[in-house]
Structures are given as structure tokens and as C-alpha cells.
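In the part that follows, the structures are each spelled out as C-alpha cells.
In what comes next, chain A is part of two complexes: it sits with chain B in the first one and with chain C in the second one.
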Partner chain A sequence: MYQFIARRLLSTIPVLAIVAVLVFMLLRLTPGDPAAILAGDAASTEQIEGIRKTLGLDQPLPVQFGIWLGQMLQGDLGESYYYKVRVTELIGQRLEPTLSLAALTIVIAILVAVPLGVVAAWRFGGWFDRALMGFSVFGFSVPVFVVGYLLVWLVSLKLGWFPVQGYKPMDDGFGPFLYHLVLPSITLSVIYIALLARVTRASVLEALGEDYIRTARAKGLTESRVLISHALANAAVPIVTIIGIGIALLIGGVVVTESVYAIPGLGRLTVDAVLSRDFPTIQGVILFFSLVYVVVNLLVDLSYVILDPRIRY
Partner chain B sequence: MAATGDTRYEELSVEAADIRPHETTWQRVKKSGSVRLGGAALAVLLLIAAAAPWLGTVDPTMFDAGSRDLVPGKAGEMMTLDGDLLRHTFWFGSDSLGRDIYSRVIYGTRVSLFVGVVVALLSLVGGILLGLVAGYIRWLDGVIMRVMDGIMAIPAILIAIALVAMWRPSLSTVIIAIAIPEIPRVTRLVRSLVLTIREEPYVEAAISLGSSTPKIMFGHILPNTIAPLVVQGTFICAAAILIEAILSFLGVGLPPEIPTWGNIMAEGRIAFNEYPHTVFIPGIFLTVTVLAVNILGDGLRDTLDPKMAKRI
Partner chain C sequence: MTAAKSGTGPVLDVRGLTIALPTHSDRPEAVSEVSFSVERGEIVCLVGESGSGKSVIAQAVMGLLPDSLPLTVGQVLLEGEDIAHAGRDRLRQLRATRMSMVFQEPMTALNPVMRCGDQIDEVLREHTALGPAERRAKILDIIREVALPDPERIVMSYPHQLSGGQRQRIMIAMALVLEPALLIADEPTTALDVTTQAQILELIKTLQARHGMGVLFITHDFGVVAEIARRVAVLRLGRLVETGDKDAVLKRPRHDYTIMLMNSVPDFKPHGRPIAPDQPIVLQTKKLDKTYAERGWFSARRVVHAATDVSLEVRRGQTLGIVGESGSGKSTVARCIVRLIDPTGGEVYIHGEEIARRSHRALRPLRRKVQIVFQDPYRSLNPRRTVGEAIIEGPVNYGLSRSEAFERARRLMDLVRMDAAALERYPHQFSGGQRQRICIARALAMEPELLIADEAVSALDVSVQAQVLELLEEIRERLNLAMLFITHDLRVAAQVCDHVAVMSQGRVVEYGPANEVFVSPRHAYTQALFAAAPGRDFAFGQA
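Our next item is the complex of A and B:
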């Protein structure tokens, strides 16, 4: 078991190394002087020279990568030229809104999608199943910002139930915090629900065809026991896997949702950094999001042991 | 309940694939309701894109300060570049610069469909080349697939945003930036297909007859990967249309004067409270287009690639 965890941890190193190379190359492949780009449009000649020195841009490419990687491994993502603070500090400041949005979205998606998927599989081929499959195609197709504006218009402007935009940090009280977060989370959860409901349905359907379901029914268990403790429990591994893979989708959605609802999180930071061509911040955010994606999927792999006792490493 | 339930689930494997051997693939595809529905909707959209200048549109970049923020259906005047005064009915209203939203939405169809199709083709070509090499030339497999894993660990939208930011936005940079993060998925698919197909007797026969490696890759293996690739290409097309719209909407995509649905929505969000139609009309077009491509893709998957249809 511990051996497996160690092996799985080690296996993330090549992926992260490739990500680091890609992010590093991103800036070097840009036409123009990387030092001038990193320093920003308003930098003086001395500042550009300073950056050239610290990054070793006068050195050959592999040496440059070595210097850069050394800084990254020490947790030094450089300084944002736009905000004039360390990128790590910047990410820290913007973490709470994004993390809250993502967490609430995942909770909503699981609470909605898993029951829907189970019922669709139970009533396979019926009207509910077909309606859910139809919704899931729709959910994949409708852009996050269209859902966002539709909800803002209907729920906030017409009905006045939720605020149109903005974010309240958790320090201002849990009530206002949640009140501002509900609509963005529902917006973002649509595509996640579509994905999760589809996979839940498919894996529960597969489980329902197994012999132990027949046995469970023959024992006289109620349908709900059969569905939940037998079918769903055996369908857990693919469902959790897709939650992990869906994180990539979620990160993309976060960028858009935060822009629609004016939430000062990492997604907003990414867009603002691109618009102001703040390259240290762009690099930092990409590295951070990729790290999150890799770590989440690592945790998903480890969770198989708990979800399915037959899996032993 | 339980008894009938059981037989129903057992029939599932037969039901999902539903293949009659005497039918050709093309007959099966034509009979699929999803293919017909998605294909018909897409045909209409293609027609709109092709016939854009003759659908009562004006130049989508033309603006007139006297016709700003008109509600849908209102008539107004526009000054053309030649100085002629043009009477024009704004079916979808006008934006805050006095541009005709109807014309912009109609011309936006061209951009979206073009981006979708070109990105799909580009990422298929890139993915096929890399996948064939990885699957057939074994010593390159590890390197290529690790790089693909790395790209897949970065969310697609972030790669696209970062690349466009580096290169400065234009139609070609946006297309390439959207295509690059789609390549790994195609590469993985092609590689896995190649690994299965290369064990087939006809490939062994070709090797024994002394065929060259490129001939085996392109002449024997590639033709057998077409069906799943068509399906994958359709889904990439849908994703590309979405990502292009997202880039434009965030203000990091194509320049704002180019009529794209994302740009129209980005412009419209400023006065969203008073004029929600500026956001909703392009939003509806965008949703319908992506939906049509996805439905077509679902239909193609179910008919062309029944093995994949059973999995999902």
C-alpha cells in the first residue's frame, strides 16, 4: 500500500516536469525578448537588464531552464509586474473565492447528478432516462456564460432572489458568503452535472446487469437498498474517476464564471494577467492549476482503495 | 418489477449496439435520428454562413452614432462609407456603437463554423501523425505520450488563453491556440487504435511482403482508424466553437471589431440590464450550433463506432 502511494507519487514527477518545460517554453517561444516581455510594457532599461541577470537570459537555454526550475522548486514564481507583489502571494490572496466556488459546485453537482443518474439507470429506456440524456447533451453544449447571464437575468434581475454580481469573503459571515456564491456555483455546475449524470447512469447500468443484483433482489431487498448499497456502491470507482477528470473542465469554467459574476478569484486573475500581459502571473497561475489537477487525480487514484476493497496495491 | 427488470438489463448489450449485418455503414448513419437532426440544423447554419451577404445584412463592422442601443425591430439610419444614408431595420437591435446586431450575428456564424472545422482538421492531422508514430515506432512512444500527458494536465482553456496572449490575437493564432490542447486526445485515440490494429493478420502480411513503414502506417493502419476519428473530430469541432466564443467573450480572443458571437456578447454585457437581448441572441445561436454538432457527433458515435457507444 505505502509502496503504491510512493510509486504513484513518483509517477506524477514526469508529468509535472513536462508541464514545467511547456510553461517555460511558452515564454521562450514568444517572438521578442523574454526579459522585456517579463518586465512589462512600462519597464525601464535597467529593470529589463535586472531581469535578464536574475533569470540568466544571457546563458544557454538548458542553463536558463535550470535557473528557472530552481526558483520554481523553491516556490518562487517571480514578481507580478502589474500588481508589484510576489506571484505566490497573489495566488494566495485569490485562492479563497475560487476554492469556495469550486467546492460548492462539486457538492451541488454530486448531490444533483448522482441521484439523477441512478434513477435514469433504474428506469433505463423510460421517459426520465431519455429526458436526462437529452439534458446532458444540452448541458455539454450550452456555454457557461450563457447559463450565467440567463440565471442573472431570471433569478437576480427579474425575481430578485440573489445578488447580480460580487463576492463576500467568509470572514463577513457564512450567510452572505453563501448568498453570493449560490448562483455562480449553480451556473458552473450545469456542465459538471451533465458529465457526472451520464457516467453515473452508465456505471450503475453496468452494475445492475451483474449477478449479485439478482441475488440481492432474490433475497427480498427493497429496490432502494439494491440500488444504493449494491449498484451504486459498485459504480463508485468510475464516478469518482470522472469527478477527478472533470476538474480540468471545472478550472476552465471557473475562469469564465468568475468573469461573469465579477468574483475576484484566480480565474479573474488569469484573464486580467493576460489582458495586461503580466507574464509571471500567467506562468504562475498555469503552473498552479496544473498542479491542482495532477494532485486531485492522484487523490482520486488513492481513493479507489477505500471505494473498492477488492483493489489492493 | 424485479423479474422484468432483470431481462431488460440483460438485453442491454444487444440493444445498445443494434447492428444489422446486411446494412452498410452509410445506411445505418443515414437512418440515425440524431445524425439527421444535427446534420439538418448544421446544414441550415452553413447556408446562413454562406449566404450572409444576401440575408438583408449590412456591413457588420459599420456603425452609426445616431443608431445606438436600438431595441429589436426598430428602424434607423446608417451612414455608409461612401456617405450614402441607408434606411435599415434593426431586427435584433443595435449595440452601443450603433452596429447592426443582426448582421453581426449572421456574419458571426461564418467565424464560428470556420474555427470549429479548421481546429478539428488541424488537431486530427496533428494527432494522427503523432499517434501513428507513437503506436508504430515503439522507441518514440514513451517520449510522445509523456509530452501529451503534460499537455493534458493543463486545462485546455488556459493553454489557449496563454498562447493567444503570447502571439497576439488573430484568426490563425486563435485557431492554432485552440487546436494544440486538443491534439493529445486524438494522439491517445490513434495510438490505442494502432496498437490494436498492428497485431491484425493483414498488417503482419504487409510486413512479410516487405512493405515500407510509411506504407503500412498510412495504407493499412490509418484507413481502419477513420470511424472513431470522424466521431472525435465532431466533438473537437463543438469544443473549438465553444472555446473560441469563450476567448472572445473574455476579451482575449479575436479583435473586438470582428463579428464573433463571443465578441457581440462581450460588448453586450456592459448594458446587460437594459438590453439583455444583445447577450441572449448570440448566446442562442452559439448554443444551437454547439448542440447541433454534439447531436451529430452522438449519432455518428452510435452508428459508426458501436464499441464506443456501448462504453459511454
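Our next item is the complex of A and C:
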């Protein structure tokens, strides 16, 4: 078990190294000169050259990579060209909104989708099941920004229940924080509810066909107990896998929602960094995302041990 | 309820039970006008082949019938109360308290992610108001009563950490913890090894006698009936054909179907066919070894010896039986011989050619000579291919033209006594016995010199089993094949084998002519196997 964790943590090193090289190379291959963008339209060639020099972009690529790698090994992701602050600090500032949004989204998705999926499996083929499957097709196919603007129009503008946009940090009090976060989270959760409900339904349906369900009923247990402690408990592994993938995708996939609701999170930071060719920021954010992926996957794998005692590493 | 408990009527009285099948089934009713009763303190065996409706009756009593099988007519009286049309909640109250059920496969019948103690505890929490300490005491008591060692550890174990027999004991403990009046046991020992089966049968008998409950014991196995029943009810296609006391039914069966069933039970006595000497050796293994090693990064290697030092030989026209319980290594040996897995050590000769260490490419020309028929005919045929395609695939791979291969397939269908029209159809359109004939035809299409039957008749009903055994015997004789027959069933082995190798824990513990091994087994393990075989005192074959 501890060996497994150690081995998995060690294996993140080559993964991150490969990501680092790829990101670095790809950014240098894309058109667009950060120095020219920073200097603005009216700048002279000398000015641009000067900026390039201060940024270290005049060095040969291997030297640039070496410098970046050296910094990175000391836990420093470099300084943003655009914001002029350390990238680590930048990510730190933007982390709270994104993490809050992702966390609330996933909580909503789990609370809504898992019960729906269980009931649909229980009443397989009935009206509820068909309605849920219909909804999930809808949830998959409608783009996030459409759901977002629809909800803003209906819930904020017509009903006035929640603010149209903006973000309040947790330090301003939990109430306002949550109040601003609910609508974006619901928006973002639609697709995850669709996904998770489907997976839950399929996986519980499979479990319901197993012999131990017959045993549980023969023991005279109530249907809710049969469903929760027997069917759902055995269906948990695929469900948790999807939740894990959901979390990983969410952290990197909040770009649109953050734009619609004007939330200053990592998604917005990524978009802005790409538009201004802010190489250190892009590299830092992408490295951070891949670290999150690796860690979430590790946690999901570890959760299997708790969910299914037959699994041992 | 106490009044009913001390009542004198039967525990279970089934009257005129009729259960409909969905339209377009092979018959209109799963169960037709079935009436029988189970008295307090007796074991009634409900005997029938697959599809006879015996499990449907059990489900009907427990109120667990699926919606597709509605109970149309009849009464099910549990201690005098008609529960055939009882409501959901009433049925739930009765389950585990007045009637309980034990199932066939204890591995799948237990929840794999819940501790055994918790699974028993659920029954108590659902049906009693006992506190945690009292519940725990009761759980430990019942675990002791089903004779499980180290109850404290068992309570904390998950099902996969126990053996098959221990798991079935947990099922029984769970069923009996509230002392129900009726226990329904649906093939409770079918999935178990013969020695474990003997112990579980003994346990059920003991508990039944101690608690005086009625037991409805469902089985397909007349050996088990002979061991455990007081009365017997024989079921055929949903109808009761014969009921009576055990001795009356087993010794003087009246109905043709019962007689046919009992005649199909293979006899314990070896067939006594003379063994032709001086035939060429087709298969020989010398000190065959297969070990599985689990490699850890830092920890010591864990080595499992699946087969150790196995030396066997099979001559042309003869059948060698490998007999053993699950985990004895008999299938490992077969798989090494076919090189589905690679042996770790030792030699395998097919017609004098060493194959254990040949590369898979060099093995290809020899593959044809050794063919295997597996246990489960449902899963060993590709459901999306016609029977004909399945049979000709091998020969065509080895260079035969399609038309020649089809011609061969037609001849083989005749040999396995099936209609050539079957070649155009798909596997799901056939019964288990027919599918096994198809699997045999598929193996024979390669014109092998050695045919390996790996539990090839174990999944079949006795009457079908008898036919397939007869067919295999005829084929061996006509084609002068060498046959390796792997089975856990001593009766079957007695019928087909010329030589027998008894395996236990990866080793051959006894090896000799079938006559000698069956008549005077020398090794203690062989003797234990014979002693455990159910119904050995009844001579079924000659009813």
C-alpha cells in the first residue's frame, strides 16, 4: 500500500517533466511575440528588442529551458510577463475562486445525480428512468454558456434570486461567498449531473442483477437498504472514478463559466495569459493542472481500497 | 405468532401453485398445479433438472418472484398463513424471521464489500430491537453454531477472505440467526467441492434436527437426495411427477421420468472395459511444474505451486481421468499441455515431440493435434457466429478450403448426432447439451489425436450428461482418440476412465488403472474423496 503510494508519487516526476518540455516547446512554436505584445503597437524595434532582452527571450531555447527548469526545481515558476508578479503567487490568488467553484459544482452534482441514478436504476424502464435519460442527453448536448445565460436571464434577471455575476472571496463572509457561487456552480454542474446520473444508473443497474441483492431481499431488508447498502455500495467504484475525472476536468474546464459570471479564477487567468503570450504564466498554470490530474487520479485509486476490500495494492 | 409457532400443521403447505411464464416461452406455465408440504422437523427434497421450475417454487414461497412470473393460482401456507397474496411489508416481516433461504453460489450470494458480521447484523437490526451488545453476542453464537473457527475473526472478514465452505456457513448462519420455522436451501452444495459438500450437508442435518425446523431442499443431485431427504418430490417441466418417502422413491420409483433420471446417475463402479496394451503413447508429461510468483518491489516473492511434479501418460484409444477438487491443479495441468499457459518446468511430449519449451510459432503445427472442450458450453461459443463458422474456423486456419471444411462439419454433425441444418444457426438457439455437442464437433474438426475434456459434462443435467458421456465414449472408440478427462465428479470418472490420476494441492497423489483406484484406493485423500461422495450407498445406475 505505502509502496504503491510511493511508486505513484515517484511516477509523477516523469509525467510532469514530459508536460513541462511539451508546453515549453509548443509555446515557442506558436506565432505571436510576447515582447511585441507587451511593447504595444507604437513601439520601435529597439524597444521590443530591449523588452525581449529583459525577459531573457534573446537567449537560445535550450538556455531558456535550462533557466526555467532550474527555477522550477526551486519551486519557482518564474515571473509573469504581464502582471509582473511571481506565477506561483498569481496561481495562489486565483486558486480560491476556481477551487470553490469546482468543489461546489461537484458537491451539487453528486447530491443530485447519485440519488437520481439510483432511483432510475431501481425503476428501470419506467417514466422516471426515461425522463432522466432524456435530461442527460439534454445536459450533454447544450453548451455551458447557453445554460449559463439562460439561468442568468431566468433566475437573476426575471426572478432576482441570485446576482448576475461577480465573486466574493470567503474572507467577506460565507453567506455572500455562497450566494455568488450558487448560480455558476449549477450551470457548471448540469453536464456533470448528466454524466454522473448515467454512470450511477448503469452501475447500480448492474449491481441490482447480482445474487447478493436477491440475498438482501430474502433477508427481509427494506428496499432503501437494499438499494443503498447493497446495490450502491457495490456500484461505487465506477461512480467514484467518474467523480474523480469530473474533478480533474472541472479544475481545468471552468474557463467558460468563469467568463460568463466574471469570476477571477484560474480559467480567466489562463485565457488572459494565452492572449498576452504570457509564457511563464501559461507554463505554470498547465503544470499545475497536470499536477492536479495526477493527484486526483492517485486519490481515486486509493479510494478503491476503501470502497472494495478485494482491491489491494 | 407464538400460537402459530407451536401449531401442529405443516410449516409449509403449497396447494395448487401455478405460475405463468411470459408469452412466447416454450411452455405456458413455469409451475403448474404443484402441491406439497413440509412438516416441522423434516427435510423435503425438491428434485428436478434445469428448467423444471424448482427454483421458481422457492422464489414464490419467499415472495421473491420477478414481475415477469406472476403467481396465478394457488396457496402458499406458511404455518397456516396464506402468503401467496400477502402484501410487500408482511412478506418482508416474515423473511428471515419465519422463513429463510440459502442459495447456490455463496461467493456471489454474499455482498463482497460488506463484512460477514455486518451482513448477519443487518438481519438483526431489521427484525429485532436488540442493542449492539446483544446483537454481537447473538452473531458470535450463531457463528459458533455453524462451526466456524475463530468467530471474532470471521465477524470482521470479508467474503473473499473465506473459503467456499466457510462462506456457505455464513449464509446458513444468516438464514438461521432468527430461528425461522422454514429453511429453503436452493442447491446449497452444488458449487462446493465434494468434501465440503459432505460437511455442509451434515451441518444442515444437524441444525435441522436441533431446531426442529422444516427444510425445503432443492437439488438436481440424487446423491444429495439420498444423503439428506426424508421425503422427495420430483419435478419435471413445472409439474410434480412423483412424491413419496425417500426410500420409496429412490428404491422403487414409479414414474418413468424418475426412473430415467436415476438411471442417468453414473455408477460408482468402474466400467471394467479391458485396456488394450501396447498402444503408442500420445501424451506424456514428465515432472511438469507450474508456479505462479507474485513479485513485489521490496517484499519477498510469494510463490504458488499450482502443479508440482506431474508425470502422466495417455496412450491411443485410452482415457486418462484427472480427478480433483477445485484448486487441485487439474485444470492447470490441462492448460500447460495445450500451452494456453507456459509450464515453469518439466517436459510435455506429444507423440514423442517435446512441446513445453517450444516457441508459440513452432508450436503451431502441433496445436491441431491437441484439442480441448471446456466446461461451460454457453460461454465457449462466440454468440455472434453461426455454428458452422465456429466449427470450420480451425480447419480453415490450417489450410482447408471452406467447402471442404463445411463438408467435414456436416459429417461431424452426424457424428455428434445433430442435424446438419444446425450449422446455419446461432449458439443461443440450442440447449446446453446440444451446445456441448457442437463444442465437441468443433474440437474434432481439427482431427486431433488428443482430446482434452475439461469438466466437459459438469454443467449439464444428469440425463444430458449421460448422453454426452456416451457420445464421448463412442467417439473415442470410433476415432481411436487419446482422451484426457478432467473432472471433479468421481461417478463420471468411473464411467469413462481407463486410468485415473487423483490430484490434490498440485500433486498427483494416486495414479493407476481405474479398476484399482476405484476398488481399493490407497491414498488417504482418495479415500476421503470417496467417503464424501453423496449417495454412495445407493446403486443408482441399475434402478
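Heads up, the rule we're going with is that the second predicted complex is superposed on the first by the 269 of 313 C-alpha atoms of A that agree within 3 Å, B and C clash if a C-alpha of one lies under 4 Å from a C-alpha of the other, contacts with A are read in each partner's own complex, and residues count from 1 in each chain.
Convention: contacts are C-beta pairs under 8 Å (C-beta built on N, C-alpha and C of every residue); 3 or more make two chains touch, one makes a residue touch a chain.
In this text the structure is predicted, and so the values were computed from the model without any measurement.
Which partner does A:202 contact after superposing on A: first (chain B), second (chain C), both, neither?
Touch partner of A:202: chain B, not chain C.
In the superposed arrangement, which partner chain does A:142 touch: chain B (first), chain C (second), both, or neither?
A:142 contacts chain B only, not chain C.
Is chain A touched at more residues by chain B or by chain C?
Tallying touched residues of chain A, the top partner is B.
Going by the contact rule set out at the top, does A:214 touch chain B (first), chain C (second), both, or neither?
both
Have a look at where A:25 lands relative to chain B and chain C in the superposition and call it first, second, both or neither.
Neither: A:25 stays clear of chain B and chain C.
So, A:262: does it touch chain B (first), chain C (second), both, or neither?
So A:262 meets neither chain B nor chain C here.
For A:222, using the defined touch cut-off, is the partner it touches chain B, chain C, both, or neither? Pick first, second, both or neither.
A:222 sits against chain C, while chain B stays out of touch.
Considering only the touch criterion stated at the top, classify A:131 as touching first (chain B), second (chain C), both, or neither.
neither
Starting from the residues of chain A touching chain B, keep only those that also touch chain C in the other complex, and list them.
On chain A, the residues that contact chain B in one structure and chain C in the other are 214, 217.
Spell out the part of chain C that touches chain A in their complex, as residue ranges.
62, 64, 91-97, 100-101, 103, 105, 108-114, 122-123, 126-127, 158, 160, 171, 174, 296-299
For a test of understanding, state which residues of chain A touch chain B in their complex under the given definition.
Going through chain A, the ones touching chain B are 14-19, 21-23, 26-27, 29-31, 124-125, 137-138, 140-146, 149-150, 152-153, 157, 198, 202, 205, 208-209, 213-214, 217, 223, 248-249, 251-252, 255-256, 259-260, 270-271, 274-275, 277, 282, 285-286, 289-290, 293-294.
Would you tell me which residues of chain B are touching chain A in their complex?
Within the complex, chain B contacts chain A at residues 1-2, 5-6, 8-10, 12-13, 146-147, 149-159, 161-167, 238, 242, 245-246, 249-252, 265, 269, 272-273, 276, 279-280, 283-284, 286-287, 290-291, 293-295, 298, 311-312.
How about chain A: which of its residues touch chain C in the complex?
3, 7, 210-212, 214-222, 225, 229-230, 233-234, 236, 307-310
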